[in-house]
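Paired with subunit B in one complex and with subunit C in the other, subunit A is shared by the two complexes that follow.
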Partner chain A sequence: MINFIIIVFGLTMLYISSTIRIEGYIKALSIQGFLLFFLVLLDYDTIILPNLIFLSFETLAVKAIALPLFLIYIIRKNGIFREVEPSVTSMSSLIITSLIFAAGFYISYWSIDAVSNIRPFYFGISISTIVAGIFIIISRKKIITHVMGYMMLENGNFLMALSIVKEMPFIVALGVLLDIFIAIYLLGLFVNKVQDEYSEIHIDTLSKLKD
Partner chain B sequence: MIEILINAALLIILPLLFIGLINRVKSLWGGRQGPSIMQPVRDFLKLMKKGEVISTTSSFIFKIAPSITFASIILAGLIVPMAGGRSILSFNADFIFFAYILATGKFFAIIGAMDTGSSFEGMGASREAVFSSLVEPAFFIVIASIGILGNVSTFEGLMRLSGGSGELKMLILMLGAGTLFIMLLVEGCRVPVDDPNTHLELTMIHEVMVLDNSGPDMGIIMYASAMKMIIISSIIANMVIPESMAFGLSLASYLAVLLVLAVIIGTIEAIVARLRMSHVPQFLFYMTAISVIILSIIVLTVSGGMK
Partner chain C sequence: MIEILLFSPIAAIGCVLLFRSKIVNTILTVLYAVVFLIISILFCFQPAQFTDYFKTDNLNILFLIILAIVYLGVTIFNIDFLKHNDQSRKSQSLYTANLFLFVVSMIGVILSTHLALLWVFVEATTLSSSYLIYFSHSESSLEATWKYLFICSIGIAMAFVGIIFLSMGLGNADSLFFEDLYKNASIINPFWLKISFPFIMVGFGTKVGFGPVHAWLPDAHSESPSPISALLSGTLLNAAFLGIIRVNKIMECAQMSWYSHTLLIVIGFLSLFVSAVYIISIKNYKRMLAYSSIENMGIIAISLGIGGAGLFAAMLHFAAHSFTKAAFFLTSGNILHRYHSKDINQVRGLLKNDKITGWLWILCFAGIVGLPPFPIFLSEFLIIKTMFANGQIAIAVLFVLLLTIIMAGIGKAVLRMSFGNETLLNNPKSYSFLVYLPQIAFMVILVVIGISMPVFVYNIIRNAARFLSI
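The block that comes next holds the complex of A and B.
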């Protein structure tokens, strides 16, 4: 069951890397949130209760429901529906993500002998997710996709923590949540207020900013 | 012996019925009653009775190409395990033969299309070549990974192995069946890769290659492409059917899986639009991406990494 969830998680990353619809990104992020929630539940016997409650809240309420709803609200309000001119075409993006996955699995293969308390398959997918999240931040041009790339990176981090110690330290989880909150908050501020000055929410326009 | 005879009969009877079923499902989704399931059979018989018009610009290649394509697909059909996991012919490494005999058929279809000298047919041939070359590596990765897992090298052996239980095996087979389903859509020229009913030459792939064919040649081309769908559906069916079943039960579940596949394809055709031509390679690359995941699962399993 765990392996199945992780593979679906990997498939959502492949989907994200090849789509240009922002709503597709958000739906995939929401699915990732649900998958992480199920992973936490399946590991319930190794996690202490308060932590389990917090992790369930973080994955289900925040990652799977609240943030996607807020992002959908932002894109509907501002009419941002697709990544207009990605600097990498979606075909090459898919190829690069597959290569990232292959590299991630190579690392997990290597980790079988090198590290004892690790679940290699988990580890491979989480490394790949982190790198693919960074790749999405690099290759897409809208600010909203950057934030989503960051959220994928955080999901990868979460998965990696589960793969090594089977749980994330409470304080780290809190910190990550705060980071995401700040990112989304700034995004909302930017999109809602600065939008009046720049009609396109596009990082190229930021190079023209001045006092 | 009787199993082989039944399989041979299925290989002959099923293809046109399969197409009829897909069309029927599609029309039901559209709120129409639709043509009878036997309609493709009637079309085939009608075409076999007709005469043939052959362009004067084409050479003998155009005349032999449909027959060679048809023959190669029948040969491929003999190797693929059908009901009960039994194939009619089986020898060492026959899945490589399977892939290349299909490729041979495709090669002749392509040069037959180019032989007519029509620019549309050349365009269709070029698309067919590109898409087939994207499908082939993924097919080999999937089949070879399953081969590594069980240390077998015949198609029959692969499918027997795949009948087992266990979470990992199930995972691999689900991903493998998904990959082969994309291959089914490509090889069968169905939506979202290609639209069998389109009338605009610029958007066709397979249909545009056979614009010049008529009469019996057209009939066997139609039959051959339907048979190709049955062949790939058989691989998928054998992946999902458990191996340890009596032949009768296994035959029934084989037919049930084929029915489900036809319903799924018909449904996809009714509710999904054809992909833009520039997005098709990307869709096909999903096959390779998924097969990379399959390969890594198997490598991790064999080296003891899956816990």
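The block that comes next holds the complex of A and C.
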């Protein structure tokens, strides 16, 4: 069951890399939130109760529901064009992400000899998600997709931290601190519209400072 | 004592936000800076501990004292900066509150004895300094803040991945206290230790401003107000570097120093290279200083990598670079006030228009490129000497070559700005002597260290270096 959920988690990343609609990104992020919630629930016997409550709240309420809704709200409010404007075609984007996942699996099976206490699937998918998140950040042009890429990277982090939840429960809770950044980015984009500092939110507007 | 440092700012922030007055802001920041300096000097004689999570040791006391001295200098400069700043009182109070948070989070990074706690405080420094960078509320400062937050947050996420890898390698010895990590270093699974070090190095290295992950640094340093640039460069980079040094020590305890040292030398040279490439044709003098910070962090990484006497040189370089660069950035604030431009070509005849600023600018230049009697000369000399002693001739040649290019780049700009006969038409009056005092004090400290190092200072630096060598 756990392996199935993790594979679906990996599939959402492949979906993200191939779609060009921003709604697709938001849906996939929401699905990732739900999947992480199920993973937390399935690990109920290894997590202490307060931590379990906190993590289920974090994954279900914040990652799966609140953040995606807020993203939709920002997109409507700012009138952001619905396409993600990738700088590579979605086909090559899909190929690159698949290669990242292949490399992730290779590393996880290579590492299985080195360590016995780590579930290889967790490791492979989460490291690939982190790298794929960075790839999304690099290859998309809108600031809002940068933020979404960061959210995927952070989901990958969370997944990886879940694999050692038994030994170091506080590590997973610490990872949640990264959500503060996401909140600040989203609020920043939201406030940005109010202040009308930039006419369009696009990374090309962030090119004044350079050498 | 540590609790005073960590918790008294909370009351101060309350007062600042409540009164929203310039005088309260000034008095509280300076008062805290003086108390901080006194307490950190006391710590030299009497180690302190607050719960298991905060403790002074031979290594972090050096960083704490550097932070205390630079912070005091910056707050003194800040008095006039805030007095003549035309932002609203609300913005100024927010600025002061964030300044408190920023310095407390740096104290937290320096004093924490736990890897995860150190990581949390590094994140806190990012959050608290972002408003300070955005303080001028201009479009370019918004851009700089956004880049700073975004790039550093990715770096912090990478460092977190590194910490997870380290925890995976720990197996049953699940404690992330540094002392336990040093003790258990030999039983950490080498596979995970080897993957975790690059992640932590690049993660914290993003905040340090190493080579290819430096993109935020010139923007943030050039767009933030000069006191903040001085703090960012003189103290924040050191604090983030402390995380790398601590993890590097774990690698040394685990007999894998060859691995971490190679990586440190590689990233150090990348930083030097990036800095040399940009600095040779630089147009903005605040960005030039920012690239020089990248260079100096690279030098420290290299000297940690070569080990031996390089460790002493690295610790000396931390202190020397912080004071010199803080003075340099504060002086650049004076130039900006006078000329209203960050463009090197717009600034001519500095010595003629403002003698003290002009001389400080030249002295800072001499200090940062390592001319005697400034201590950077000692540290760089020691590094090169160690390289020759280790037989790393090729590295030494490359090192000297890159340093010379950077020296030429900075020298060209500084000399062009300082000399010349142009008189400024509407030359604004200087604020007061307070905008020169910190720089002069830093220069005096540097010359004293450079000419005859007091035993007290020598002991602090030597103990820090000894702490690193096992």
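Rule of thumb we're sticking to: the second predicted complex is superposed on the first by the 172 of 211 C-alpha atoms of A that agree within 3 Å, B and C clash if a C-alpha of one lies under 4 Å from a C-alpha of the other, contacts with A are read in each partner's own complex, and residues count from 1 in each chain.
Everything that follows uses one rule, which is that contacts are C-beta pairs under 8 Å (C-beta built on N, C-alpha and C of every residue); 3 or more make two chains touch, one makes a residue touch a chain.
From a predicted model like this one, the values you see are computed outputs, not experimental measurements.
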item: Touching partner for A:His146 - first (subunit B), second (subunit C), both, neither; value: second
item: A:Ile7 touches, of subunit B and subunit C: first, second, both or neither?; value: first
item: Which of subunit B and subunit C A:Ala161 touches, first, second, both or neither; value: second
item: Contacts of A:Gly188 with subunit B and subunit C, given as first, second, both or neither; value: second
item: Partner chain in contact with A:Tyr73 - subunit B first, subunit C second, else both or neither; value: neither
item: Of subunit B and subunit C, the chain that contacts the larger number of subunit A residues; value: C
item: Subunit B versus subunit C as contact partner of A:Phe57, first or second or both or neither; value: neither
item: Residues of subunit A contacting subunit B in one complex and subunit C in the other; value: none
item: Touching residues (chain side subunit C, partner subunit A) in the complex; value: 116, 119-120, 123, 127, 130, 139-140, 142-144, 146-147, 149-150, 153-154, 156-157, 160-161, 163-164, 167-172, 174, 176, 189, 191-192, 218-219, 222-223, 278, 281-284, 287
item: Residues of subunit A defined as touching subunit B within the complex; value: 1, 3-4, 7, 10-11, 14, 18, 90-91, 94-95, 97-98, 101-102, 105, 108-109, 112, 119-121, 124
item: In the complex with subunit A, residue positions of subunit B that touch it; value: 167-168, 171, 175, 279, 281-282, 285-286, 288-290, 292-293, 296-297, 299-300, 303-307
item: For the subunit A and subunit C complex, residues of the former touching the latter; value: 111, 114-115, 117-118, 127, 130, 134, 137, 143, 146, 150, 153-154, 157, 160-161, 163-164, 167-168, 170-171, 174-175, 177-178, 180-181, 184-185, 188, 197-198, 205-206, 208-209, 211
